[in-house]
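Handing you a structure now.
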Amino acid sequence: MKISAGYFTREAFSSFKKNIVQSIAAVTTVALCLVIVGIILLVMFVGGQVIRKIEDKVEIEIFMEGLDGPAQAATAGANPVNRWNQMEQLGNTIRSWPEVHKVDYISKEEALRKFKKDFSNSPLVVQQIEGNPLPASYRVGLNNPREVETIAKRIKDLPYIKELTLNPDENVKFGQDTVRKLFQVTRWISLAAVGFATLLIFVSLVLITNTIRLAIFARRKEIGIMRLVGASSWFIRWPFILEGMLEGLSGAVVAIFVLTSLWRTFFANLATGKVFAFLSFNFDQVTFVKLLLLLALSGAAIGAAGSFIALRRFLKI
Amino acid sequence: MIRLKNVSKIYDGDKPALVEVNIAVTKGEFVFLVGPSGSGKSTFIRLLLREFLPSRGDIFVAGQDVIHMRPWKVPYLRRNIGCVFQDFKLLTNKTTFENVAFALEVIGRSRATINNQVPEVLKLVGLEDKLDSYPDELSGGEQQRVSIARAFANRPPILLADEPTGNLDPATSLGIMTLLQRINRTGTTVLIATHDREIVDSMRKRVIALEAGKVVRDQLKGVYGYEN
Amino acid sequence: MIRLKNVSKIYDGDKPALVEVNIAVTKGEFVFLVGPSGSGKSTFIRLLLREFLPSRGDIFVAGQDVIHMRPWKVPYLRRNIGCVFQDFKLLTNKTTFENVAFALEVIGRSRATINNQVPEVLKLVGLEDKLDSYPDELSGGEQQRVSIARAFANRPPILLADEPTGNLDPATSLGIMTLLQRINRTGTTVLIATHDREIVDSMRKRVIALEAGKVVRDQLKGVYGYEN
Amino acid sequence: MKISAGYFTREAFSSFKKNIVQSIAAVTTVALCLVIVGIILLVMFVGGQVIRKIEDKVEIEIFMEGLDGPAQAATAGANPVNRWNQMEQLGNTIRSWPEVHKVDYISKEEALRKFKKDFSNSPLVVQQIEGNPLPASYRVGLNNPREVETIAKRIKDLPYIKELTLNPDENVKFGQDTVRKLFQVTRWISLAAVGFATLLIFVSLVLITNTIRLAIFARRKEIGIMRLVGASSWFIRWPFILEGMLEGLSGAVVAIFVLTSLWRTFFANLATGKVFAFLSFNFDQVTFVKLLLLLALSGAAIGAAGSFIALRRFLKI
């Protein structure tokens, strides 16, 4: 058969124009649905980063009794130089684990400074403190905060740990209850967000195919006539599919335009603005452009698929 | 070319629209199908087009078994049949030109051929100055002529026409009939359902008369033949 | 009852569909409107219904100035006019019964009256056994008769009919014409656009002939009068 | 005119059935949109309660130097009984303010217990504490946490406050920076939620009217015929409007069904479930039923309005 792609394309465009009411309806539907889905995806992305930032605050603290550098170590009895070395070694060991993101050393002085600041309301307490009774500590940050329990357990099983902390179970801490609760809450929020996004995407699909179905339903007579004049199924189908793609793509372009404006005036300010500055999340352009491309592609695909599905019942002989 | 064997058609209702019809039309024949309103003429024509299947019986058109045909083959059958529909069945979104062109696009004619042939065909039915009008900008008779033009645009071996002159004045009707006769002379089988007594009586072709779905007369060089 | 003064109608295109038409039809007249395909008959009828306005001129129907009429009054004008449309204009979602009943519901007839009158009217056009069929389950001629039944169901003072017998066999056509004549005798003004030479010639009523939008003949007891 | 409501209703129902494809499309669209909007409203309601719960944790602390009941008061010099009375009076005054929700007294003993618990990792610190150097304090909870700054200022201006706290600017605290940031964040989240909900409602309106418009557009010929047969605008309009209401209402009923199921399996569990138990928000049935009624009403209204709007262009003479 000598059916040219040119004919189908011409047909699709002219039909798009001639059925402008239905075309506009389809384009609007696609655009609005994609805007909503796009916003949800952006919010989920930003929210995900915020949650990660919050989760990243989860750390393991290791309190080490009366040790603060070789000099003071001398006062702590036993073999001070040896214990100091053990402490260094402990830090290095932990730092070498791939799951560990950073290991910070808090000296006794730092601990005391922080204590004095915290109790500035109770000068009597501060007055009573003599010398520096606070222990030095390591703060261990993890790449994946969810591994905190495993890593804490592994730290407790390290050599020297007993000597350094005297009582590992007490002195290797990660705020167990709060952390568990935090992860429960964040997981719950993530699940709800994913659920809602999935629902929205599903709803969008239904609404878009619905609109296209209605548009094609209104043209069922036309399709019947084409059949009677001897047009094959694909000959009828192609222009409709291309028209659907055109509608989907136009809708996606509108959605992309809206999302970009929203992004410019809103989300982009978030990163630099004061409100969320402390979260300082970053959202690279690449991800955004990828999202837009995904939207455009989905728009075209949904439009085409919608037309294809809607046509089925009218193309039975 | 066209053969019906014991064909009956009963729509959802009770009364049959066609009853035990046996008809054979050979290649190149010119046949009038007459009968009162509701006697089954359109049903007859729509069966040949396989718009639907008969309740009973066998139908062969252009050498093909219409009833046991694979669905995907139906378009090819229909491309062998030009049909003027009683209600025209024009594509309302297409101009006169595009409506006729569609019948050629369907069989894969090139743009050049189409641009060449369509105006020619439309000139034959007297619509050379309505090429760019949409169906609802045409008078009833003009729409009917577009339907006629579309039916024979691709020179099909079989031409069916359901009441092709119902909306035409006697002069134009005669012109169309002369045209159909000319097409018939080039070897096309022509079958026309009509109420136009004047034309049937003057042309003296084979006449098949239906009444309440039954063939009551099949007469060479016949006349319309119903008395008032 | 119907008066047109210097009425011209030019559609978007260039060629006018009606040119300087002056016609007066008095109450109770029976008029045939004839002319070749595309001569402006349907345009004439649609102007009387105020489907659109003329490009120039004045139109009075049933004592009302059609052109300067307030939009909300148009429905009341139309209730005075029964119209058989060339393309039937049946409501595809309604059965035969419902289509005819609609014309009565519009003027606020009670359910009882409707249930009583509609079958009666449909019997007059020979469709008593098609009450519950939808338009696409009817033959062309049957659809046309539904349109006719709807047009006079509410006994309007004016009855317009655009090609009311184009899809009917001569016998049924004659029946319909007899019916229209009977309706006319009860005082209804009847105007029929038609191509049916046989009927026009046999009835010998007033004939208005159009050609390319111009009134070329207005003759009492006239004939169809176009030579082939 | 003797046009009966019965005729219009019959017409509306029969048209709903005869144009079942369009009816289903309209009902689906209404249902899906209302489900989404309903979920957003529920989430906003629950989220609002969560935010309030978090904000309610904002308290003003008033630290009072060396005072803990008449007995110990004696050791603090000056006129101990008098100061004790002043303290009581302070508490009562604050408690009498309408903005204040509760005033809790934290005695010196309680403060010490908490201190010891907090420093269980540094036994040396606890060892060094002699007697009870921690001050007693009031914790003031507010009805509207956003008034915290005003109330704190008012407390600082109270009589006796200087004698009781020595330095009101230091010892009347409400975690100024954190509180400000918290309120900024919660306000931002609320704004975003309201914005998104508004957008969703707007989108729903457009999508629903779109679908109805398409359905009516497909029936423009039918409407044209009715006009030509002499039907007045309202005679044509009523069945369409009733049909739109029927569609909207059906959609709302479906949405209500879905939301109730969601509510049963999901939100209701939240209140009792473990995850959010610590927030223990309550969501009374009455609010939920009100929401459902609102949805049903909106459904019917949108359907009717959509039909009315869509009809306009086809009812011009």
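The first chain written gets the first letter, and so on, giving A, B, C and D; residue counts start at 1 in each chain.
The rule we apply is simple: contacts are C-beta pairs under 8 Å (C-beta built on N, C-alpha and C of every residue); 3 or more make two chains touch, one makes a residue touch a chain.
It should be emphasised that the depicted structure is a prediction, and the values quoted were computed from it without experimental measurement.
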| item | value |
| --- | --- |
| Chain centre separation in whole Å, for chain D relative to chain C (CA means) | 65 |
| Whole-Å gap separating chain A and chain D, where each centre is the average of the chain's CA atoms | 25 |
| Distance from chain C to chain B - Cα centre to Cα centre, in angstrom | 28 |
| Category of the chain touch graph - line, ring, star, complete, other | ring |
| Complete list of chain pairs which touch one another | A-B, A-D, B-C, C-D |
| Chain C-facing residues of chain B, complex | 11-13, 15, 34-38, 41-42, 86-87, 129, 133, 137, 139-142, 145, 162-163, 166-174, 195, 197-198, 224, 226-228 |
| Interfacial residue positions of chain A with respect to chain B in the complex | 1-3, 7, 15, 18-19, 222, 225-233, 235, 316-317 |
| Chain C to chain D touching residues, read off their complex | 49-51, 71-72, 74-79, 81, 83, 85, 89-93, 102-103, 105-111, 150 |
| Touching residues (chain side chain D, partner chain A) in the complex | 21-22, 25, 28-29, 32-33, 35-36, 39, 43, 63, 66, 115, 120-122, 124-125, 127-130, 133-135, 170-171, 173, 181, 184-185, 188, 192, 196, 199-200, 203, 206-207, 210-211, 213-215, 217-218, 274-276, 278 |
